[in-house]
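Alright, structures below, take your time with them.
First subunit A sits with subunit B, and in the next complex the same chain sits with subunit C.
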Partner chain A sequence: MSASARWSRPKRALIAPLVLVAALAVVALAAPILSPHDPRVQPDIVALKYQSPSLSHPFGTDAVSRDVFSRVLYGARVSLTVASISVAVALLVGTCYGAFAAFAGGAIDRWLMRALDVLLSLPRVLLLLAVSALWNRPSTIWLVLLLGLTGWYGVARVVRTQMLAQLGREYVLAAQAAGVRRGRLFTRHLLPHLVPVLAVYASLGVAHTIGLEAGLSFLGFGVQPPTASWGTIMQEGSSVASTSWWLTAFPGFATLIAVVACNWLGDALRDVFAPEQVPA
Partner chain B sequence: MTSPQTRSQRPAPVVGSGPLLDVHALHVSFPAGGGAIARAVDGVSFTIAHGETVCLVGESGCGKSVTALSLLRLVPPPGRIDSGSGIHFDGLDLLTLPDEQLRRIRGNRMAMIFQEPMTALNPVLTVGDQIAEVVRVHTKASRREAWESAVAMLTLVGIADPAVRAKQYPHELSGGMRQRVMIAMALILEPQLVIADEPTTALDVTIQAQILELLRELKARTGMALLLITHDLGVVAEMASRVIVMYAGRVVEEAPVEALFANASHPYTEGLLAAIPRLGADQSRLTTIPGTVPPPTEWPTGCRFRERCAYAFDRCVTEEPALVQVGSAHRARCHLVQEPERRTGTVSIT
Partner chain C sequence: MGSASAETRVVLRAQRGLDLPPVQQYMRWLRSYASGDLGWSIGQQRPVADVLRDAIPPTLLLMSLALLTSLACGIALGAWQGAHAGSRGDRAWSGFSLALFSVPEFWLALMLLLVFVSWLHWLPSGGMASDDAAYYAWPTQVVDRLEHLVLPLLSLTLVGAAHIARFQRAAMRDVITLPFVRTARAKGLRERAVQRHALRAALLPMIAVSGMLIPSLLAGAVFVETIFAWPGMGSTMISALEGRDYDLLSAGIVVISAMTVLGSLGAEAATALADPRTRRT
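Presenting the complex of A and B:
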């Protein structure tokens, strides 16, 4: 079987989730163009509050007459940005930690891994709730850092394992025999081998973090009003969910789509990068 | 071979001022399970002169490759070079040299060619990048100059269409071409010593001959010394000026190539020579040495070869022979050198 025939199926399976994720990104970026109304404007808080979906307000209006459709579009920016940046932070910290442990080896590696076990034993959601509750309305930047700095443990483990596997291969020895420095060995020779596993981890991580951020915001510990993420919008509508369902249903649905899209992309990437299909 | 500006700065070699490489009492050990220690290399001494070709011969598992890796201080952990060992390269004590200075020697003044180019080349980098990298890490050459000298080097190692090949990945090349790439990487900075660890074992016979020819040609051109590790005595006859035979972590015989083929003094060398199939010889079966190399945690007492030796007698059990002089520059680690009357019959044929 030719290489292209073997690769085409998993690669084709990437198209749909990629398109979906790209569409979400475009919607978030183009929010100012796509929004029919200003998401912050309260045109008439008496006559226009709690309007059910209509042509001028496809997702209805909220308690202070703001257009929910526009708020969901702008909320996409916040939700997706928070998730992406915090995952980027997690990937950076996790890669450095895992790579350092693998390079150092011996006792340093053992201690770093035990420390990781301790960190992994703390439940992330409880930790996040405790910190943000004590903090009293953290700003969005801190939320991103908080999510990132509690999300890298898995990355560190995966990177360490992958690094150890690569460090045992002969090309590493050959590069050292050629006089390549450690830093260069990592960035030029080893990092490309980490890209597949990092790509899978990034997409699955973003999916997880979107849900996590929505949950935190829903509980009032995440993104703080007036900035709106999908979780914040849902939280604001939660008290009237039985009568004004559109306030929770639409941002909830948006969250669902984003989480499913990112998970789908992660699964498809994993199929493409499955170890038995990566040329030796 | 390389343009002047890409050539690294280094003092001109002083020819004739002692050996280029002097390995003295090299011991390399690996912790094995249960507190046991595997002495993979156990007191190996040899020298290599400037421009000389020395072959290191022995079966798998006798310590050849570990010896080679120790020369660049690249013994994979947890293995280590034990104290008391000495490796001097062009007057420098490699075992006490700071890491950064050692790094400047690796790939620049002493380079290595690996056995299996498919695994020794990084699959995610183009071969041109990997050759150019050697230039980049050791000289002040720009990215472009390094690339150009890589392409020039590919021409020199006999790769057609080098500018195109340089942009390809290792898996796009044939085995022979990959080994040529490895050679290009090792030789681009014209090192004084090249260590080639079974460079032709993974290749077809016809390609083997081409690669050996290429090595000989490049050696004549640059005047480098070559330490060729092999278990193929045909390669030895073709390439070596001097041969070191290793068995079970020790040097068992050392001789100029003619002396070795004419007058092999250690039964192990004798066995290796007898195992070469000969054209036209009246042989229905190939000759072999019975048994295998014992594991390095269980070297036998006395002579390490005695369990496989047809001539072994009581002294071989109790006393390990020293490396004794057989002729000029010819030494063997065998009691038979002193007691030739014990050599009865021929090496066992199975």
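Presenting the complex of A and C:
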């Protein structure tokens, strides 16, 4: 195998997951065009409830005769947006924390890392469930913030490690000698080195968060009706899962596809950018 | 909240120390924990310690079995994949384990329930044993227990094994290129024996990985226990949440955090035991 063929292979492996992620984004954006029915309309809650899948309702109907296929398409908007924004929050917080620790160094760095160990020992799912339940099921915006604020620990660690590796390099010393201030040094010189790692963390993080949000919503502590993510739709179908299986099977399958797409993209990005920097 | 009179509310607030400043409340909580008093479960109307005593063993049973089966299946699959990295079989299994790694555990559990319980009627739907199990002869009791264990264990194992396999594949793929493996091949050792040598070296990182798997297994157990009505920590916590059973909730979070920390400490100690290079002098 020639050297060029060996190098191009990981990059070609990016195509399929990118296409899949893009397709999901298009489906979410085009939900109003693609969905055959209005997801909120309840045409006949007596005659048309719990209809099994048919040509006019490919994924069947729910307890109040809404079209599940349309609800899943619209649910993609909620699920994907919640996950993407909360991962953006996590990346922001984690990068700031990690960068601050690396710049500060010494005792401050040690204490910040110790604090991170404490935070990491708290079980995330239970923490989210507890906060969400005791705060009387917060609105979607709060849910996004909660997911973001409990998801940045790994990012902070990897950013700190990467920063420490860069801080001693000649180009950083040169910039410092030229009188570049810290903020500028970080944004112009160090941040570009972090982008590959952050990209990998972003896609793996979105994958994880989609599943996590679905789980919270499934237990009734995530996205609250009338807003419906895939998890919310499954929650509404959970009590009749043995008979009206389409209420849980299809939204769950959509969740699975989205999580697979993002994990696949993350794996491919890692192979291209940073095989040794990010653990498997 | 609406029905309690103002006087009752004042008395209750004073009794529970809710009129104290937060720091004092926290000290009070710490002191009661230090003296072994975990509080009173308002949902179950008995001491929290009793609730935990009933809920911890089923979770430990499920978790330890899930960890063992995940390790066994994940290591076998990952090691084979790593030794045949890039082959068609490896790619097929990689796709399969990516799907299992990605699947939301609660949905997998629901689908297993749908297929094996609702459609095929092969297995019971939940709990640890049938209601009338006490009247069975003991061999039937054992079979009954195993039947109740299959689906919760399978849900956790499929996802856990996929986690392990991903790491084991990477570790095996790295080790298989090392000089000592090449030497073994050059000496004319059979491929199976070569792989056995390589696996020993590639197993080391799995100790740390299984420590990391414990928190995600615990998280998965919350969902799986709830779906299969397994009477463990996970389902207890969910009902405590729904009933706002604060004492039980905080005790449960402490217990699960402790399990997480003990898991990673144990993994670190085991790594040090197995690999002298990681020991601090």
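The definition used in the following text is that the second predicted complex is superposed on the first by the 268 of 280 C-alpha atoms of A that agree within 3 Å, B and C clash if a C-alpha of one lies under 4 Å from a C-alpha of the other, contacts with A are read in each partner's own complex, and residues count from 1 in each chain.
FYI, a contact is a pair of C-beta atoms (placed from the backbone, for glycine too) under 8 Å apart; a residue touches a chain by one contact, two chains touch by 3 or more.
Please read all numbers here as calculations on a predicted model, not as lab measurements.
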In the superposition on subunit A, see if there is space for subunit B and subunit C together, and answer fit or clash. fit
Have a look at where A:49 lands relative to subunit B and subunit C in the superposition and call it first, second, both or neither. neither
Check: subunit B-subunit A-subunit C angle from CA centres, nearest 10 degrees, reads 100
Touched partner set for A:105, first subunit B, second subunit C, both or neither: first
Considering only touches as defined above, state whether A:173 meets subunit B (first), subunit C (second), both or neither. first
Applying the touch criterion given at the start, work out whether A:188 contacts subunit B, subunit C, both or neither, answering first, second, both or neither. first
Subunit A contact check, subunit B vs subunit C, more residues touched by chain C
With both complexes superposed on chain A, which partner does A:270 reach: first (subunit B), second (subunit C), both or neither? neither
Shortest CA-CA distance in Å separating subunit B from subunit C in the superposed model: 14
With the touch criterion stated at the top, can you tell me which subunit A residues are shared between the subunit B interface and the subunit C interface? 280
Quick one: in the complex, what on subunit B touches subunit A? 69, 72, 74, 76-77, 103-108, 111-112, 114, 116, 118-125, 133-134, 137-138, 171, 182, 185-186
Footprint of subunit B on subunit A - complex, ascending: 105-106, 169-171, 173-181, 184, 188-189, 192-193, 279-280
Counting only contacts in the complex, subunit A reaches subunit C at residues 121-127, 129-130, 133-134, 207, 211, 214-215, 218-219, 221, 234, 238, 241-243, 245, 248-249, 252, 255-256, 259-260, 263-264, 267, 280
Complex contact set, residues of subunit C against subunit A: 98-99, 101-107, 110-111, 113-114, 117-118, 166-167, 170, 215, 218-219, 222-223, 226, 237-238, 241-242, 244, 249, 252-253, 256-257, 260-261, 264
